[in-house]
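Both of the next two complexes hold chain A, though its partner changes from chain B to chain C.
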Partner chain A sequence: MDNILEITNLNKDFTDFKLDNINLTLEKGSIMGFIGENGAGKTTTIRLILNALEKSSGQIKVMGRDNVVEELYVKSQIGYVPDEDYFISNSTLLMHSKTLRLFYDNWSEDIFKSYISRWKIPLNKKISEFSKGMKTKAMFALAFAHNPKVLILDEPTAGLDPMARIELLDILREFVSDGEKSVFFSTHITSDLDKIADYITLIHEGRIIESISADKLEEKYIFLSGSVEDLKGLDNKFIGLRKGEIVFEGLILRETANEFFKAMKGIKPNIENLLTYSIWGVK
Partner chain B sequence: MKRVIKIIKAYWFMNTGGLKWLFVISIIFAGIISLFNCALITWAVFKYSNSGEITWVGGFYIQVMFLINLAYILSFNLQGVIMWKGRSTGNLNNFLIQAPILKEDIYTAKFSILQISGLPVFITIVYLVGLNIFVRPGELVASYTGLLTLIYCIWNIAVGISIRGTSLLSKRYKVFGYIVIALLIMLIIVHSNISGVPLISLEFNLTTEAIWGVFPRDQASLIMACRYISGFFGIILLIIAFVTSYFLGGRLSLKRSSGLKINQ
Partner chain C sequence: MNIRIDYTSDLPMYEQIETCIKENILSGELKFNDILPSVRQLAKELNVSTITTKRAYIDLEHDGFIYTVSGRGTFVKTVDVSKLLSDRKNKLIEEYKDKTLKLMDAGVNKEAIFNIIQNLEGGN
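Take a look at the complex of A and B:
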């Protein structure tokens, strides 16, 4: 399968933080959840993809084209929804669409209007009068309107109510259904990813510590819980472990669990388990 | 160039309220004043040639006043900040981050807007330089033409440095934005000094003593030296300043937006 996004040996140095040798690939027709705690490097990675920041080294390719050398082409293929809205608050959505339309040859007014009417977003109302959810929906409508091949979402669902979130997840699933488009989805709300992600990439302190298909998550890991006595002092065999006085919970490689905790029954981990226990480690 | 025009259009669409109209009206107004100014200076020169009567012309420092106003525009424009009733309502740079344009296009668009706003002053300078080359109205006019040329060149290069310095998303170079403030102070000082000078005098013997009452000795020497850039060399200086400003502000591939840590 072709890759729509390829990041190879990407480095970015700041004075007090660095992205360290990021490698990831996103296949066509798939949704990748990009997870990590605050300050892990998610937004920086996204800004590097958009070439809004200058990388220190490495390569980013979108649809096989370098994002710096062919910046115009690459950006024309990307739909972007940031974590904070980018609107000019005393302007209207109509003016924003009119402005953005200038830059895209494949802008579709029909697509834009279909989302606007679907979400009942007023075109001529000042943005300052929009709720956070309305702003997010408006950014999605603008992002979809130029028929992007890849959607880059930076924690976009935080401001949406549960109904709108579920509806949006359906739209994203529909978006990738033709097998030609992909979604790169950075979020804290891991339950969203449980529903739609095909791949999960976990970033921590500027380094990718796991990039795995959602199917393989339960093949590779298992979530164990039980009495502390059952641990038999094998705490260090866990990826992440939380231990109380009586019971413990922990994420462990299924292979390791089969070897050392054969008698224990575990459950399949979800993405939140992967995120939290990988970061917590063994406590 | 197409992309630059689109960005300028984007600025136009996103600047709501009367400010953008005020900007256009001010340029048209400044343009008319500049043309009037050129005509007035010509009239004053011919009047002195025919009757020997010296006429005071304030046109020189009106141009400096235009540049003072432009410094304000510059400071807002560089940041991409959209202002409404004295408050920032958003930043166009953040909105355009997703669009298929290059950073250089945004710089060039800003450079173009500032050059358009400086056009009325440029018209007057080119006219005065032409007057000095072909009519030779005297050393004092030559000196003030040279001074105006010099100020415009400094203004132009400051525009370039400021655009580059306050590059997209980078807070590290925001300090360059203060060049505008320095420029503003310089212009106000120059303006307050030259506003009392009788400017037309064909046989005026330009000496330090002759303009002693207006400027201190060191500044008077500077004004005197400016007569050398009031003609052909003035044109060369204008071209050099424009090209330098263009490359500094719009095209020179300096390292930018690095070293900034934005909300990872």
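Take a look at the complex of A and C:
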């Protein structure tokens, strides 16, 4: 069993939206960034993995086990950090940890305490007095405490200041460093993913339009910019193109660039280029 | 070991890492049986994903520059530096051609370019 997460032909129909035949696999020891616009289906996918939403068809396996049939086992293996906190604001972190530990056989008070002291999070202060960053860190400490094999994060870095974000990225690296655990990371902050994501999966209007490793992304695509006249009307050779009166920028396959724009200098693309230009297309 | 990544280059990050390590072998900075940093350590320090450093090591191993002993680490192999030297020479020649063309575009004629070369000091 080398895949921590395996999604096969997953569909979910709503009246005004559908998640269309999602397939993805997340290897042991790796970090996957899950990107897409608001409303593309990221949170829906995550809620289906968590079995907080009933799928229409398809299969989701965590650690090789079906997430519906073996829900209890699967949930014990998942650490989840949502984009908005779930705390009862006039309670304390201590109370939350005492409650949550009842649900997990594999809860480790030592792990919980180690993060609490590392991040200096007060256990007896009212949650309502926590900053957004402190709440996020508290949710991470709770998620780590039951020794999950996979972390599922929905926009986890959004409320954090730059120092806390960088610190968190290091913690995620550390989490996967034994090669046995993985992270599935939905975010808009693609610069975080440039630093740590081994795989990028791009979802658009309910469909996955690219799922690629970070090295292949740089190998497969190039980001070109230049004068509009250098385009020579070959706009449709690009995956995504933005042009003004004078200059253009565009994402293109390297092999296409070598064929049609050999003289043009480009730069290796980052994840933001992949996200925005794949969605914009050639206008 | 000297590693410098150009984040604005057109070259993929893994390829830049490979080039840096080869340069280190060529310059003698890395010697036979020297141990390389682990892929995770190197990824963390360069602020890139682990799959990027892993890819660089896989390519270097495939090309015969390094070898891995599982559980112990990755080491530098005895390398035929003549191949590296000729690769580097070819790369420099390409850059040189590029610059020469730019000079000609700027209106410097061949004779003036020869003069520049003749008046250069150093090298053999």
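We adopt the following convention: the second predicted complex is superposed on the first by the 282 of 283 C-alpha atoms of A that agree within 3 Å, B and C clash if a C-alpha of one lies under 4 Å from a C-alpha of the other, contacts with A are read in each partner's own complex, and residues count from 1 in each chain.
By definition in this document, a contact is a pair of C-beta atoms (placed from the backbone, for glycine too) under 8 Å apart; a residue touches a chain by one contact, two chains touch by 3 or more.
Small disclaimer: the values here were computed from a predicted structure and weren't measured.
Participant: Is A:195 in contact with chain B, with chain C, with both, or with neither (first, second, both, neither)?
Facilitator: After superposing on A, A:195 lies in contact with chain C but is clear of chain B.
Participant: Would you check which partner chain A:276 touches, where first means chain B only, second means chain C only, and both and neither mean what they say?
Facilitator: Once the two structures are laid over each other on A, A:276 reaches no partner at all.
Participant: After superposition on the shared chain, which partner residues are touched by A:268: those of chain B (first), chain C (second), both, or neither?
Facilitator: second
Participant: Thinking of the overlay built on chain A, is A:108 touched by chain B (first), by chain C (second), by both, or by neither?
Facilitator: A:108: touches no partner chain.
Participant: Considering only the touch criterion stated at the top, classify A:147 as touching first (chain B), second (chain C), both, or neither.
Facilitator: A:147 sits against neither chain B nor chain C.
Participant: State whether A:211 touches chain B only (first), chain C only (second), both chains, or neither.
Facilitator: It touches nothing on chain B or chain C.
Participant: Chain B or chain C: which reaches more residues on chain A?
Facilitator: Touching more of chain A: B.
Participant: Of the partners chain B and chain C, which touch A:21 in the superposed model: first, second, both, neither?
Facilitator: A:21: touches no partner chain.
Participant: Which bits of chain A are touching chain C when the two form their complex?
Facilitator: Its residues touching chain C are 29-31, 170, 173, 176-177, 194-199, 213-215, 218-219, 222, 265-268.
Participant: Mind listing the chain A positions that touch chain B in their complex?
Facilitator: Counting only chain A, the residues touching chain B are 14-17, 38-44, 47, 50, 52-54, 56, 71-73, 75-76, 78-80, 82-83, 86-91, 95-96, 98-100, 102-104, 128, 143, 206.
Participant: Which residues, counting only chain C, touch chain A once they are in their complex?
Facilitator: Against chain A, the touching part of chain C is residues 8-14, 40, 43-44, 47-52, 55.
Participant: Under the touch definition given earlier, write down the residues of chain B that touch chain A in their complex.
Facilitator: 3, 6, 9-10, 13-14, 16-17, 82, 84, 89-92, 94-95, 97-102, 168-169, 255-264
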